[in-house]
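Shared between the two complexes below is chain A, which has chain B as its partner in the first and chain C in the second.
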Partner chain A sequence: MSYFLQQVVNGLSLGSVYALMSVGYSLVYSIMNFSNFAHGGVIMIGAYVGYFCLTLLNVPFFIAFILSAIGSGLLAVSIEKVVYRPLRKRNAPFLYFIISAMGASIFLENIVIASPIGPTFRSYPAVFSTEPIMLGSVALGRIDVLMLLIAGLSLVGLMYIIEKTKIGLSIRATSYSIRGSTLMGVNVDKVIFIIFMLGGLLAGLAGMLFGMKYVVYPQIGNITTKSFIAAVFGGLGSLPGAIIGSVLLGIIEAMTSGYLSSQYRDLIAFVLLIGVLIFKPTGLMGKVTEDKA
Partner chain B sequence: MKKRFSIIISILLVLTMIITACGNGGGGPAEDTIKIGWIGSLTGDQAVWGTCESNTIKMLIEEVNANGGILGKKVEGIYYDTKGDAAEAVNATKRLASQDKVVAIIGPNASGQAIAISSVLEEYKVPDIATVATNPKVTVGDDGKVKEFNFRVCFIDPYQGAVAAGYAYDRLGLRKAAILYDVASDYSQGFTEFFEKTFTEKGGTIVAKEAFKEGDVEFKPQLSRIKDANPDLILMPYYYKEVALSANQARELGIDAVLMGGDGWPSEQLMTMAADAIEGSYIVNHLDFNDPEVKPLRDRYSAKYNLPMELNGYMAHDAFLLLKAAIEDAGAADPVKIAESLTKVSVEGVTGTIKLSPEDHNPIGKQAAIVKIENADYVFQEKYGVE
Partner chain C sequence: MSWGYISGILILTGINLMTVLGLSLLTGFTGLFSFGHAGFMAIGAYTAAMLTLKLKIFPESLAQVQFFMVLIAGGLVAMLFSLIIGKLTLNLKGDYFCIATLGFGEAIRLILDNVQFFGGARGLSSIPTQGTTTLTNVLIINMIATSVLVLIIRSRHGRNMVAIREEELAAQTIGINVFKYKLISFAISAFYAGIAGGLMAHYFGYIQPVMFKMVKSTEMTIIVIFGGLGSVSGSVVGTILLTFLPELLRSFANWRLVLYGVAVIIIMISRPQGLMGGKEFSIKGITKVLKKGPKGEVKS
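Up next, the complex of A and B:
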């Protein structure tokens, strides 16, 4: 039993990383109906901002978190301005958005490799000891607890903004119909700005947490593919869906590695994903729409 | 939808072609220089090592040229990045052999890439000296016959695996071993296979054997399984990034078994990432970092590049030394003659005396250094070899 619980904890800790990343995909998708693959790059930059805040500026952790969130938020907003806005103004087909997003992501990865930062991975200074917190025979990593806390708090904050505030109302309205909400006086540019800002802030947090837990390297984007899958699994465009999908994916991966073999991990996770999409094409909690990818 | 997808793919393919085509164009013919190629990772996970290797070769070539070159000719180094990828390594080797017309190639450090380039070396008849490629199949084919143009200056995985198993069983008195290994890596698999063989032959048991795939960052599910099997020692036969992550995660799960690894471990990065977690671990290595014989090279390197010296630099140094001796022995900058001379000459390298066996192109009688990590430092234990 304790072995099972340990694997649940392992899965939750992995799932919380996916969750912070996948909400960014879902937020953008809910309004703009395309998969913002540049999000992986934004996360990666957030991880580097946090790293340099800690190693070069020697700021306290709390401040580094805020700075990396702001850094990623600004980056996400500028990507929107430079890359997507011109396409939006021309009503370009969604395929152009996806290709531009891929381009932006490749650009970000390579600008880091080409810069003095370089291609080698970097590790955050050790903050927490590796001494676990023991709950009975289940070991909780200190960083994992922090991750769950930060991920939980910021996701609750995000849900609050979306569900309870006026700006959240305009975001939800825009996600139903851009044209309709424009007619009702919603400033769509502003909504999109805020969407990217929110996604970027969370990406910064996710990047920094990821860096603290693992390491920082220009190809972090590879793991964000998993969080994108989690977002699809839960239903692209739905925030609770992204969170539930992420946590489920984390737990499924942990259980597969724990009870079968880690070699089957991706295989089983993706077969389940395909299964869900066959029987419920919009994902677990997705809204029903047509022609999206 | 299908059409859209294929448009994306074709655009990406075209981009890839443009990017690869923009690489170095071959230089013009220059008969008065001896061209030596180097391949290895300058980007990616293993960039630290590749950078160190290429820097070392650059430094050595400068020194040799300052002293009149080899056979009275200047030496020119050509360096290509393999990005840690076997396909890139094959491309780089082709370019070196066919366009740049090098007389020999040094590198790569990884077995997967060194194995992949064999057929190209055969085709163009250019010898290659791998630095830290420890898989047996680097120099010996599947049919058991030695590959004519593949050489190396390091010992092989079976040997590392056997040394680790022998040392753990005989000297440390450990009986229950768990293994976490990288399924996607030839290096890790070879190491694991021979550790298992020697350890069980001696009477020990393998209580758990778990796998992961290169690029993974989360090892807790596998480690939880290992924890359940309660081993005395965990073998971690892979590279330092994964070592650091998995060692930290093992300690976070409350596992206190002794950790053991091979030459994939030593790196300045490992200490900054996981000094606490790997305290008390043992490493089977090619040389001892505190050996007075390796110090002059390390000092020269640090003075020039202001970077810490890695194991790969020492191996690249010995490979270069061996190659220089072979070129001088052959008396001509002819790749085939150099390949013949490589097994004839013997040099005193910083990692020991290097004499390659004509049967398998591996160095003969190299002992391994057992190093223990104490107070975040590599502490030499003893030279240890097994039959």
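Up next, the complex of A and C:
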């Protein structure tokens, strides 16, 4: 029983970090209707910013978190400015967005490899002791608890911004109809700036958390495929969907590696993706879009 | 640069061209995007390699015949998979179909990675390379493939596909079976990718699941876009350029992929129609350009 509970906690903490990333996807998808494959690069840069803050600058732990979030946020916003804005002004079809996103992702990954940072695997300095916290008979890894806490808090913060503030209102309005909200005086450029900023900030946190749990390397961004699956699973374009999808995916993965074999973890994730797309393409709670064709 | 090296790159170009031609039909002429064609290449490669390694019905003297049979078998198995996947997912709209193919491609790779029958992560090795994927064979296959593709595109079926790309709803209204033509286009492109996979297996002499990552699919799609959507000659030129360029830039090793990423973004922003932009090379067009000078409009 305690083994089962432990897997649940592992799954929850993994899922909550997936959620940090998949809300970034979902926010962009809800307004711009394309899958932002450059998100992985943003996460990777966040992981590196956190790493260098801790090793070179020796800043306190929580400052490093904030700095990596800001670093990723700025990067996400500049990708939007340089890569997507020209396409947006031209009303380019979504394919061009996807391909440019791929280009940006190839660029980010390889500029890190080509720079002095290089392709080496780097592990974060030990911030916490590896000794688990015992809760009854369930052993909780300190990093897992931290992942769950930080991810949970930031997601609550995000939901607050989206649901309760004026900016959130304009984001929600824009996701219904870009044209309608423009007519109502919403500055769409500003809204898009904000969603990239929010997505980037959370991606930075996710990057640093992943870096601490595993190691930092230029391909760490590939982990976003998972969060992307989670976003589809929950329903692209829906924030609660992305969060629920991520947590479920995290638990499914933890259970697979706990009871079957960790080899099948990725396979199950992709099979789940295809299954969802075949049987319920809108996901658990995706927004229903009326496409002309 | 020795001839061996150049002919090696030419063979690689030919292999890439097979997949690119198929994707050109799917993306350039039917308007569907796939990020899973590496999966079809993998299926073709593994089928061909397994058949060559396990089946020995043909005598030594007919090795060439066997090679071609094996390639076609690989293509057909890939096609079969594409029909199943297409049947299930071609109803999905743009982005979702893209994602479904992505999931399919990765799932195929992970299955190959985990099933010991297919050699697991180490893949299959000691596939005969002598007299199989030679430059001559690749050239012959490429010529046949290009001609067939051009014939398809010029036929009624090809025009139906273009109609679907231009305006799906309108195409449906005038009585084109949109789903059927999407499926045909998808299946043909998978067949081409399968053959490319078989060629690849017999060129390298070994195959591993790592060779068929999503990056491979993206790379192929990028070539199609770089060459120009809706242009077969664009795809050919794009493949030659984008296979040779990285080889020439090999001394910059690390920086070449950085440049590659930047190039993709710049093309998307500044010349989204690609190199050829829906136009084809033709003798008529070239003479027109020569007469009017380089700025003349080419309409062919």
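Quick note on the criterion: the second predicted complex is superposed on the first by the 287 of 293 C-alpha atoms of A that agree within 3 Å, B and C clash if a C-alpha of one lies under 4 Å from a C-alpha of the other, contacts with A are read in each partner's own complex, and residues count from 1 in each chain.
As a working rule, contacts are C-beta pairs under 8 Å (C-beta built on N, C-alpha and C of every residue); 3 or more make two chains touch, one makes a residue touch a chain.
Just so you know, these numbers come straight off a predicted model, no measurement behind them.
J.: Quick check on the superposed pair: does A:98 touch chain B, chain C, both, or neither? Answer first, second, both or neither.
T.: Both chain B and chain C are touched by A:98.
J.: In the overlay, answer first, second, both or neither for which of chain B and chain C A:113 touches.
T.: Both partners, chain B and chain C.
J.: When the two structures are overlaid on chain A, which partner does A:263 contact: first (chain B), second (chain C), both, or neither?
T.: Touch partners of A:263: chain B and chain C.
J.: Looking at the overlay, does A:129 come into contact with chain B only (first), chain C only (second), both, or neither?
T.: In the superposition, A:129 contacts chain B only.
J.: When the two structures are overlaid on chain A, which partner does A:182 contact: first (chain B), second (chain C), both, or neither?
T.: After superposition on chain A, A:182 lies in contact with neither partner.
J.: Which of the two partners, first being chain B and second being chain C, lies in contact with A:273: first, second, both, or neither?
T.: second
J.: Applying the touch criterion given at the start, work out whether A:281 contacts chain B, chain C, both or neither, answering first, second, both or neither.
T.: The answer is second: A:281 touches chain C but not chain B.
J.: Do any residues of chain A touch both chain B and chain C, and if so, which are they?
T.: 95, 98-99, 102, 113, 263, 293
J.: Taking the touch rule as given, give the residues of chain A at its contact with chain C in the complex, in rising order.
T.: Listed in rising order, the residues of chain A that touch chain C are 33-35, 82-83, 86-87, 90, 92, 94-96, 98-100, 102-111, 113-114, 225, 228-229, 232, 236, 263-264, 266-267, 270-271, 273-274, 277-278, 281, 291-293.
J.: In the complex formed with chain A, which residues of chain C make contact?
T.: For chain C paired with chain A, touching residues are 33, 88-89, 92-96, 98-100, 103-104, 106-107, 110-111, 113-114, 167-169, 172, 214, 218, 221-222, 225, 254-255, 257-258, 260-265, 268-269, 272.
J.: List the residues on chain A that touch chain B in their complex, please.
T.: It comes out as residues 3, 6-7, 10-11, 13-14, 95, 98-99, 102, 113, 118-121, 123, 126, 129-132, 134, 139, 141-144, 213-215, 217, 219, 222-223, 253-258, 261-263, 265, 293.
J.: Where on chain B is chain A touching in the complex?
T.: Going through chain B, the ones touching chain A are 1, 4, 7-8, 11-12, 42-45, 47-48, 51, 183, 210-213, 215-218, 220-222, 224-225, 227-228, 241, 244-245, 248-249, 251-254, 269, 272-273, 276-277.
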